[in-house]
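Quick heads-up: structures coming right below.
Two complexes come next, and they have one chain in common, subunit A, joined by subunit B in the first and subunit C in the second.
What follows is the complex of A and B.
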């Protein structure tokens, strides 16, 4: 399965480099290196981070609805990045952008895992996530309104809808480090997550360091999602959808889900970004649809399906 | 009694000069430009954007005038004879001001030099200073004639968020007045298309003073190889006689 997904990611990545408004095939080196490479690489990195974070959160929280976007971690990261960018911090010190995204994501994930740690039930955790999301979106709009930019409204809209078009190699370099580090941390959590799947008490009796596992999960998700959201804006539902699509194939064990979710997330976001790029070539569109809009169109019906299944009286 | 007599004298004075408004409040950036150029002595308050040099052509003058938001209470407290506004924003505020008997004039958004002439004459007449309007237009005409020189080069005006100004827009009027052959098609072609089919000249507004992702795009490394000319953004934020200065910038 992992080999199949890796091949899919590689194929989509290459297709991504060969597809665009300038036509199909190998483009001008300037287009290849400065426009398509940062975009394709960021799609793979951000998608992989979101997919893996979704799998880790669903395992750590024992909640099938957990997703960095749905729980507001992505929103907190976007808020941090907006403050750094629009208030001029990143103009003075470029790494302030991913660092502020990280800080926002860390606050969001620490709050949620702390909340979950006090034995919160599944639905109440999701409600807390909805509250964090709403608060992050409101603070983001407030930060932009207070920033010295008279076109704040248009900028808010674009941030919240997420996207990867016209990113530069600088964006890629800024985000890649924290994302790779975060994913590395998360991939090593398999055993702890398998223990947690049996409940915290059983996990502790099996020798799983429960509190430490949750802390590491929070830090890893913050690293992976925070830096990604800082350059891509609000891209939701990838972390929700990918583990659900893969579970019937790789099984229920959280540790078996981690690497496939990383690759699956990368493949999904590469495919969605490819779709956004191809849409104006096939349809009479003035511009590309936003990437965050496509993932939401894909993910929202999925969420309804899962919600029906986990609801009382449902099949699961 | 004294107040009544005073009010009567003011009314008579106003009736004697029906077009002249002694106290004018502007709630719109484009109206700010016109008001402070044509009749700064009549300006009681202008919009908060007027003092921003990246948006307004009268930023220096605006620092000496009070700033007001489109807030009905704040405007009423200024007791204006005339309120200048834009065509779209703050419609509920404007309706309230009109119900309270204030005279509200909505300015248009001229997108070519013929419309700029008509709008300048209309606003100058509203403010009772037609001669100043003609003086601004004479300067504009001189600049346009000096810059007029047919060229075969293709210029593209790239705006914030990667939009290209197309026919019918102010930016397109500026490119045509500067003599460029083809000013590109309206829309959002994307960086790739621009790099794959590069224009002879890329025209952009210079970077604003505030951080903006929308204009960060214009500094994308893939575009640095294209010949580029920047124009002060305030000259194109609103169409007016000052827009001819953008044409002068592009003259060879």
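What follows is the complex of A and C.
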């Protein structure tokens, strides 16, 4: 299954390099390196980070509804980006936007871990995440109300919907490090997540460091998803849906789900981004549909299907 | 083989157990009995190292099954049993197979634990405990979801493990099972050990702890026809 998913990611990646506004086929090297490569690579990285984070959080919290958005780190990244918009930093210095996003995600993570750190258990982590989300959303709304001109407001709203168009190698270089590091940390959690499947008491009796596992999970998700949101904006549903799509295929053991979810998320976001790019060529659209909007449109029906399968009190 | 001495064991800041001096040697099956809220589960949790008073036992030597343990995911019976190898950090199939056989789960290994009966799921949880190959087993109400014959089978299985040198501690509500299978019955009441005796002599104290009138023996009514 892992091999199959890896092949799918590779195929989608190459297709992504060969598809774009400049037409199909091998493009001009400048277009390939400056436009398509950053875009395809970011789609794979951000999607992989979201898929893996979803699998880790669902395992760590023993909740099939857990999603990276639950921890509010994406909201914090958006807040950082909005601040960069607001002060006009992004107009003066282009990398200010992802940098501010990263800073926002880092602040949010620090707050989350500080808040949940002392008595880390599943519920305290969720509550801390809800608090971070609410705080980020409130500050975001405040920034939007205070936005200096309507144009800034439109730009901010647009950015918040998520997308990968016009991303450069700078974006890729900024985000790749934290995403790869975060995913590396998350991929090592398998054994602890398996133990947690039977509850925190059993996991502790099996020698799993429960509080540490939860903290590492939160930190890894914050790194990977925060960096992704800093360059791609708000992209929802990937982290929630990918583990559910894969469970019937690879089984329900949390550790068996990690690597496939990484690849599945990458494949899903590459495909969604391709769809966003192809849509204006096939449909009478003025511009690409936003990536975050597409993933939500595709994700919601899947979620309804999953909701119907999940047994009462069970995990589907 | 396992011991706990504590003037007080606290749970969420509240003292639940008082003046505890408990130990159990290898080769013994001990039943922990007592009314609801008497502190049986807390004693087991402390012995499992889940409370600060209990120290940190080696998870390869002490295996713990909490009350009502449930798997959050629809993992297979074999996958659940294999979780017992986490303390060893290996995926040795041999002890897992032995545990599955001992629990009579041979034919169910590929079934999802959320799609089998409650009693079968409980046996899968016990298989996970056995797969660790620990010398000390701490089991909280392992017979809770089992029908009478399955409960007797499980108790016989656990006594067999104790006979082969293990140390088995079982929290039980069913006094009849305790009296029939345990080598020693420890009765808790209001957080104190009020009796600690072989099953033959423990009954008066146990009856008093449960608030039963003296001389009432609850066991014969619940026992199946003798062997």
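Keep in mind that, in the parts below, the second predicted complex is superposed on the first by the 238 of 316 C-alpha atoms of A that agree within 3 Å, B and C clash if a C-alpha of one lies under 4 Å from a C-alpha of the other, contacts with A are read in each partner's own complex, and residues count from 1 in each chain.
As a convention for this text, contacts are C-beta pairs under 8 Å (C-beta built on N, C-alpha and C of every residue); 3 or more make two chains touch, one makes a residue touch a chain.
For clarity, every value in this text was computed on a predicted model and none was experimentally measured.
Once the two structures are superposed, subunit B and subunit C can be ranked by residues of subunit A touched, with B on top. In the superposition on chain A, A:197 makes contact with subunit C only, not with subunit B. When both complexes are overlaid on chain A, the residue A:208 reaches subunit C alone and has no touch with subunit B. In the superposed pair of complexes, A:253 makes contact with subunit C only, with no contact to subunit B. Residue contacts after overlaying the shared chain place A:15 against neither subunit B nor subunit C.
Contacts of A:23 after superposition on the shared chain: subunit B is touched, whereas subunit C is not.
By the touch criterion stated above, A:165 is placed in contact with subunit B alone, subunit C being left untouched.
No residue of subunit A lies in contact with both subunit B in one complex and subunit C in the other. Note for the complex: subunit C touches subunit A at residues 45, 48-50, 59-60, 62-66, 69-76, 79-80, 83-84, 86-87, 89, 112, 114, 125, 128, 132. On the subunit A side of its complex with subunit B, the touching residues are 20-23, 27-28, 30-31, 34-36, 85-88, 90-91, 147-151, 154-155, 158-159, 165-166, 168-169, 280, 286-288. Every residue of subunit A that touches subunit C in the complex is listed here, in rising order: 62-63, 191, 194-199, 201-202, 204-208, 247, 251-254, 311, 314-316.
Those residues of subunit B whose C-beta lies close enough to touch subunit A in the complex are 49, 52, 55, 160-162, 187-193, 195-196, 208-214, 217, 220-222, 225.
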